[in-house]
Amino acid sequence: MTDWLLIAPVLLPVLAAGLSQAVWRSAAAQRLLGTGTLTAVLAVSAVLLVLADRRGPLVLSVGGWPAPAGISLVADRLSTLLLVVALAVSLAVLVFAIGQGTAEGDLPRTPFHPAYLLLVAGVALAFLTGDLFNLFVAFELMLASSYVLINLGAGEGRIRAGMTYTITSLLSSLLFLTAIGLIYAATGTVNLADLGDRVPALPEGIRSVLSLLLLIVFGIKAAVVPLHFWLPDSYPTAPAPITAVLAALLTKVGLYAMVRTQTLLFPRSETWTPLLVAAALTLLVGIVGAVAQQDVNRLLSFVLVSHIGFMLFGLSLYTVGGLTGTVLYAVHHIAAQAALFLIAGLVVGWSGTAKLSRLARTAPAPGLLAGLFALAALSLAGIPPLSGFVAKLALLQAGVEQGGAAVLALLAAALLTSLLTLYVMARVWRAAFAAGGERPPAARGRMRGLRLMLGATAGAVLIGVAVAAGAGPLARLGERAAVDLLERSTYQEAVLGDPDRRGG
Amino acid sequence: MNGLVQTALEAATAVLLLCGAVFCLLGGVGLVRFPDTVTRLQAAAKAQNLGLLLILIGAALRVPLPYAGLLLLIAVFQLITVPVLGQIVGRIAYRTGAVERHTLTVDELAERLAPPDAPDAGEGGGGRGRGT
Amino acid sequence: MSPADEQAHGTAGTPGARGGPPRRTSRQWPLALWLWVLWIVLWGSVSPVVLVGGAVVALLVVVLFPLPSIARRARLHPLWLLMLPAHLLVGLVGSAVAVALEAVRRGPRVRAAVLEVPLRSESDLMIAATANMASLTPGTLVLEIDRDRRRLYVHALPARDAREVDRRRGEVATAERWVVRTIGPAEMRKDPNRRERGYGGEGERR
Amino acid sequence: MSVVATVALALLGVTAVLVVHRLVRGPHALDRIVAVEILVTTVVAGAAVAVAVWDYTSAVLVLLVLALLGFIGSVTAARLAEEREDMR
Amino acid sequence: MRALDLTTALVVGGLFAVGFHLLLQRSLMRLLFGFLVLGHSTNLLVLMAAGPPGDPPITGEGHAPETFADPLPQAMALTAIVITFGVTVLLLALVYRSWRIQGHDEVRDDVEDRRVGEEVLES
Amino acid sequence: MLVLIAAHAAVAAVLPALAPRAGRAVWWVAALVPLATLVWAAALAPSVLDGDTPVEHFGWAPSLDLEVFLRLDALSLLMTGVISGVGAAVLVYGARYTSEGHGRESALLLAFAGVMLGLVTADNLLVLYVFWELTTVVSFLLIAGRGRTREHREAAQQALVVTTGGGLAMLLGFVMLGEAAGTYRISELVADPPDGGYVPAALVLVLVGVFTKSAQFPLHGWLPAAMVAPTTVSAYLHAAAMVKAGVYLTARLAPGFADTEPWRPLVLTVGLLSLVVGAWRALWESDLKRVLAYGTISELGLLIALFGYGTRNSALAGEVMLLAHATFKASLFLITGLVEHHTGTREIGRLSGLGRRRPVLLTLAALAAASMAGLPPLAGYLGHEAYLDTFWNAARHGPGAGEEWVLAALVAGSALTATYAVRYLWGAFAGRPGTEPTPQEDPGDRALGMAVPIAALVAATLGLGMWYSGTEALTEPYAALLPSPQEPYHLALWHGLSPALLLSAAALAAGLLLYRLRPALSAVRDRSPRAPDAQGSYRQAVRGLDGAAAWLTRRTQVGSLPVYLTVLLATVLLVPGAALLLRDVPLPAPPLWNSAVQVPLAAVVLITALALAAARHRLAAALLAGAVGYGVAGLFLVQGAPDLALTQFLIETLTLVVIVLVLRGLPAELGVRTGSRRVRRLRLAVATAAGALVAVLALAVSTVRREPAVSEFYTDHVEEAGAHNVVNAIIVDFRALDTLGEIAVLLVTAIGVGALIGVLGGRAATIRARPPAADRYEPTARWALPHEQWLPEARELPAHDRSLLLEILTRLLFPSVLVLSLYLLYSGHLRPGGGFAGGLVAGQAFTLRYLVGGRADSAFAVPLDPRLVAGGGLALAAAAGLAPLAFGGEPLGGALVSVTLPVLGHLEATTTLVFDTGVYLLVTGVCLKLLSAVGPAQETPEEAAGKSGGTPDTPATATGSRA
């Protein structure tokens, strides 16, 4: 039995975080603990992905207590796929951070590594847990770590931004807990598979209220319009690696939770219009916001918001095709968005400003960086043959297959968003990599660990390239994951066992 | 015999509980009615403390022995912690002017603290002058 | 029963590593004993596991969290200690009733006084115990302790006239008497007017 | 016994409301500190009644902890009121 | 059969309202208190919506398991209390840092947001 | 084909690396690849023209229909010839023309050739789209060059955005077509075209892509703007290759869809409009390249109309025109480059007398221009004849779908084409009376190297015309795929005195006449209403977009947290709230209370909470918040949750302590409430409504449960877990993973507090020395100093903070509290308590020490850093979770260990105690960490002095220090 492997992605980072905190005096030991743990966990997750795809969902009853009373960790195709990509990106970001000296130097030495490890543990737990309350704990772990990371060494401007982030997240956490309280009161269980049996039996009104409440809760974390305002005001201010990891992972965890709960607890048979509307709003408001920005990081943040709309779109269709698209898009987006924030960090480090107008007056950033940016930006804009195109194509096909005026209108919005993404990316490209003057003297100092940072960035970009290159197997995997999501019984049987034995 | 003891204990408990509650209530009344912080502290904290003590003893009479021990332990801790807080709060209250001076019939501390040239600031704190 | 009986004897020593005197854990057995008793009371059981575990826990706490030694050791007088609760309860009830009546009848127009009460006691512990006792009773509350000159400044209630003021002063004196009876040194217990013997070159300070 | 408990708890309930009155009104920070302290004592008293009448023995430990540690918050707050004139 | 009582509903709703209202203020300290209150309200909700009062879920103290209060919401609320505490303290530290660095402890508006569209791109 | 495409990519990839050493030679290397392609195409030509269609396949993402099918049919062969032929010529030309950046430029051009090769051989709509967009990207890079000038950057961006936009529309169209047909194979689609449904819409979308790519009116603006690119690029992309992609796609789809509405009217309208308007605009440009660019727009319009019309004859004409255009337009661009190379300018007004001095160049230019104007015996002539004949017959015998108008437009277009051809030739080479001959630079041998490829292209345009049978052999197989309503037309230089010849001649004559009348016409042009300027409208659109974006974003992203939170709550209120109202949730009448004790507690909680909401004073608010918490703890107790109440009490006390400690460094007032009265009311309303919503929901859900809760399991199995306390068993055993996460949260928040406060305050900060109260009663400040040292650290505190009673009390309580905390830890599985409660109690023991001594960690026998305690605690808990794996157990599982010892008898313990001990340590460590962080959290005197101006609420403090 290999089920125990499931605990590793959660427990190892927690253990390492504890040790990392205990050995706070040694930066080298902290770095080793961080990279070593993430590498090991990444390897374990890859194994889990292969196993989950071959054998169906792996389930670990933590502590040996059977579901629904005990907490189950469930590794199915969706969760392991996202886990692998998330871990790969977080490893790259960690290397970047070490290179940048975020891990030590200008920031206080102790906090970064343990907080980062706990963030990863939270993300891993969020993907793997099969229990609603445990999901809350995972979110809290992830968020608490992110509060610490986003506020590390915060000065004048960032403290305000950190506050916006922290308080909005806190409110969403409280709403989440409220929802859990209501759900437990109504059903008497918090095990997701068990809830999959019990929630559909609830009166329709209560069911829709609970569904919408969870949607809002996760919508805040995923930055769905109109719950997104906090994101562009907060993420851009943090140091690049922190922004990158938060932007890439946290919104995706929110989205994952949305997909997981909506498909498992609130099965539907037709396109869900409220979500469709939210998707359209998110796409357009986000990208229009990006067009209005003058700051590279804020621009990227709005793009991030906008592209959440693509993933919502797939979910709102409630078809295999749509969910396949969502899965592919999430995988692609984790890599692309992280890479872009890292590149932005390097560009800002190179030229000493994040303002487009000022960037345009400073010397073009180096060609290697331009190439990396091109790959990531074009991928995000969905230009073939990069990963974004593959994901977008899956969504387009699902949308066209579904048909209907509303869906087609949304498709148009999605394509417009793609175009405007390209437009804003070209604008960044113009300012950062084409236009130029002198490098400002202030920024001319040697950038420490530049090689590590570039390597890490290239790694993040390559993850995206790998997604495109492996689009064939990945798309099939995504499709299988989508089938599992809609089937529900695969997941439920893996957790709870034979349906005959668990009764109505 | 055993039943009689039982009944007596029950009765004692009942009386103690009720008395305790009444003292608590009276403390509450004092807390609302008294004019300044220290008098309120005097009234409320002490009456409350007593009330709690009575209730604890009352409870101790009814519960199994290990718990009775714990209840008495609580009473002991209550007895040694409450006065300390009272003294700290009282000291600060006096220092921060939370004592209504005009309600005092005597204030020997003020006399002691008065500047040396003041008429009734006796050396060695022996002054007995009356305040207003 | 009261933890007040656990003071170790020893002498004030040279400053230790953190500016305090050396921690002689070997002299802290009364504390360890108290902690052991506390453990047993908490568990409410005298099974071997509890007894052994309690000893381990008590020793552990004493060794891991050492406290400086105290020069003077309290002498406990069990008989008076046993009588103390009864006295306390009676005194408490009486004065509590008085204060409560004051609260109900006069409320905002209550008259109080701040009194100076000289003490016979000399040691920290005795003064503290007296202040504690005095503050326990409704009607008197210690505001300031002039440690050097051994005086308590007591807020007294009700104190409408000289008679009541004297009664309150008497209450504090009674409190001290009870403290002396329970934990005081022999010479004080015998002579109600005798002051506690000074020691350690600590004179009066202003 | 149940009647006794009801009466006692009712009295304590009234006490709690009176205490809250002082807590809300102040005016001195120390008044509020005292009120919080007494509120805790009232809750403890109520719980002790429940221990006595309904064998709520599990609450005893709660009471013990409160009796030992309840004053820490009040002491800290009082210190602040002493330090900071504007905090009173 | 196990309906929530009106008193508790009132407390829960009232605490939520107070918490939300405090959360909508600019003063960071009010926000913090709002968060504290909301923490209480959610914990109460988790605990109380799950079922009526019962005996403490501890065996061997003479209470029948049938009379036990539901232990799971208790455990969940316990976890939530501790988490809320941690986050509250963190928030408090943020408030403090905000005060120390900025000289005020309010959430001011984002300056960048107001600058949107002011500057024309000229690359 | 795959190999060839890969070869393009591979060689392109190594060129930049080769360039620093090889210099110009990289262009020759690059040219070899398209030459090889040309040879390959020539070798395959006989069989392909016979109807053979080699297909290659490469799976990419088959489940998304992303399968690379490459197929070489006659049309593809034709296009391959054009791409590789012109490509080779341009690359050879580039070797001499380009002065720097050989690696980048040659690589991009070669890559472009490869992409085009893929585009014309792709037999899958999606793969075609992939190549389509790749041409956009490569052309962006080529146009932008190194982006030195703003003009370059803007032109590149415009080309990118416009053509990508069209491409995206096309992609949607492709997907619609593909989904409608069930296949994305182009050959299958064309053979068995779907109809109905979304097909017309799909075709429109596809054509939008076509029109943008081929710069058709009114989406043409990007092409003239792109003329900032080097001539090599213009010649290849904007004459021969990329813009032909749209034409190619029209030709590719016409056999299947020409008859589907609205294909034909759309294609004809747009194509012919572009033909005429483009040619007309070419008349007025003064830059030679821009003349050619508008000419290209015009010619492409013609090609699209011809292919789009979709008959055998029109397609044949289209093919011939395509070949002709590729050769003459590429040569003209290259000639322009040479002109510029010679003179340094492309402005017609500044060029004079070049023809006399460069007769060879003049000859080549004249031949190319003649082909463009449709003079025999050049390729252009063949094409002109073919289309004029086709539409003459169509207008006379055709279905009457407006072919007359088509014919008229074609003739007008021909005339205008002749005019701008003359204008180009005269403008570039003629001497201007009264104008000095333009000075020439570098007459050297570089010019010869550039002339050779031009000559080759001109020879091609001549050869295609002269050897018309060969041209027909090349073009006939594709044309044959289309219906032929009229007699099949055959290419020839002489058909007799046909109507087409007359029309052709008339058009030519008209063209020459127009050129003569040009000065007069310019007056007409100036007075006539201006056609919408594509470039201007693009800029306007961009400005409008930016403006609208800024407007919208300023109004939504207002930067105010209260606004954001209000929106958030309003969403909660409206969305689930609406569902609650609409779905008619049953609300049974609730009892007033479940236990009467709840009522006073509820009153306490509610009143204090409301007072808290109204509080203006920080300390008051902190105390009120504490009271709310204690009240809530009371409610927990009533509910039957002593564990919860215990923890709540402890946490509440700790929270109060921490808040109060931090408050020392904060102003006393909470600050004024902001916002207008209306805003405040709105906030109040939203908050109240949200609170009410939650209450109603709680009431509603509490009656709907039908199945027993899972918690029965815990009660049934609590003994198995070696516990009596079910809650504790859940915490450390049944759901230990929750607990692990939760203590990790606690650790990370403590880390954060340390980082947020510690960095500012630091351990070196001093405690505020002389508080106002001590100032006022100075003599009493030292009164309460004990004579003995009750605690090791007490003397470090300022005298006025010391208290005899508190020190003695702390000495008495501290060890006892620690014992209590250990008791709670180890009895937790039996009674209320556990690691948390124990840790919190221990933490408060240290708080007590902190209050008395100003330090918490001095209680330890050995110096112990809180970080070590907390981190070690977490590591211990995690390790305890992993440990069972070593013994074949489940992670985070508990095992009942029982031993029988001589004195102690039978002992039972669960391994979860280790886990709980980790929790205990962590919580203790976190408390220590918090104390060490917030304890000294106050301003040092220097800081206070430095800030005093900005913080009037902070009382002035005097210096004081701790020993």
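All chains are identified by letter, namely A, B, C, D, E and F, in their written order; residue positions are counted from 1 within each chain.
Simple rule for what comes next: a contact is a pair of C-beta atoms (placed from the backbone, for glycine too) under 8 Å apart; a residue touches a chain by one contact, two chains touch by 3 or more.
Keep in mind that this is a model prediction, so the values were computed, not measured.
Colleague: Going by the touch criterion stated earlier, list every chain that contacts chain E and also contacts chain F.
Modeller: A, D
Colleague: Which chain has its C-alpha centre closest to the mean of all protein C-alpha atoms shown?
Modeller: A
Colleague: Find the chain most remote from chain D, comparing centres computed as mean CA coordinates.
Modeller: F
Colleague: Approximately how many whole Å separate the CA-defined centres of chain B and chain E?
Modeller: Comparing mean C-alpha positions, chain E is 36 Å from chain B.
Colleague: With chain centres taken as the means of their Cα atoms, state the distance from chain C to chain E in Å.
Modeller: Roughly 42 Å separates the two chain centres.
Colleague: Go ahead and note the Å separation of the Cα centroids belonging to chain B and chain D.
Modeller: Once rounded, the distance between the two centres reads 14 Å.
Colleague: Could you state the distance in Å from the CA-based centre of chain C to that of chain F?
Modeller: Here chain C and chain F have centroids separated by 73 Å.
Colleague: Which residues belonging to chain D are in contact with no fewer than two other chains?
Modeller: 9, 12, 14, 16, 33, 35, 55-59, 61, 64, 68, 70, 75, 79, 81-82, 85, 88
Colleague: Chain B: which residues touch two or more other chains?
Modeller: In chain B, 27, 29, 41, 49, 67, 70, 73, 77, 80-84, 87-88, 91-96, 112 touch at least two other chains.
Colleague: Specify, in ascending order, the residues of chain E that touch 2 or more different other chains.
Modeller: 4, 19, 23, 43, 45, 47, 49-50, 56, 58, 61, 72, 76, 79, 83, 86-87, 90, 94, 97, 101, 107, 110-113, 116-117, 121, 123
Colleague: If we use the touch criterion from the header, which chain pairs count as touching?
Modeller: Every touching chain pair, ordered by label, is A-E, A-F, B-C, B-D, B-F, C-F, D-E, D-F, E-F.
Colleague: Show me the residue ranges of chain D that touch chain F in the complex, using the header's touch definition.
Modeller: Residue list for chain D touching chain F: 6, 9, 12-14, 16-17, 20, 23-24, 26, 29, 32-33, 35-36, 39-40, 43, 46-47, 50, 56, 58-59, 61-62, 64-66, 68-70, 72-73, 75-77, 79-88.
Colleague: Okay, in this complex, where on chain F does chain C touch?
Modeller: 780, 783-793, 795-796, 804-805, 808, 811-816, 818-820, 822-823, 826-827, 858-861, 903-905, 907, 963
Colleague: Write out the stretch or stretches of chain C touching chain B in their complex.
Modeller: Per the touch definition, chain C meets chain B at residues 1-4, 38, 41-45, 88-89, 92-93, 95-96, 99-100, 102-104, 107-116, 118, 131-146, 149, 151, 153, 155, 157, 159-161, 165.
Colleague: Across the complex, what residues on chain F touch chain D?
Modeller: Going through chain F, the ones touching chain D are 596-597, 599-601, 603-604, 607-608, 611, 617-620, 622-624, 626-627, 630-631, 633-634, 637, 642, 645-646, 649-650, 652-653, 656-657, 660-661, 663-664, 667-669, 768, 771-774, 801, 806, 813, 816-817, 820, 824, 831-833, 837, 841, 844, 847-848, 851, 953, 955.
Colleague: Quick one: in the complex, what on chain C touches chain F?
Modeller: Touching chain F: residues 3-4, 6, 12, 16, 18-21, 23, 31, 34-35, 38-39, 42-43, 47-49, 52-53, 57-58, 61-68, 70-72, 123-125, 127-128, 131-132, 144-148, 200, 202 of chain C.
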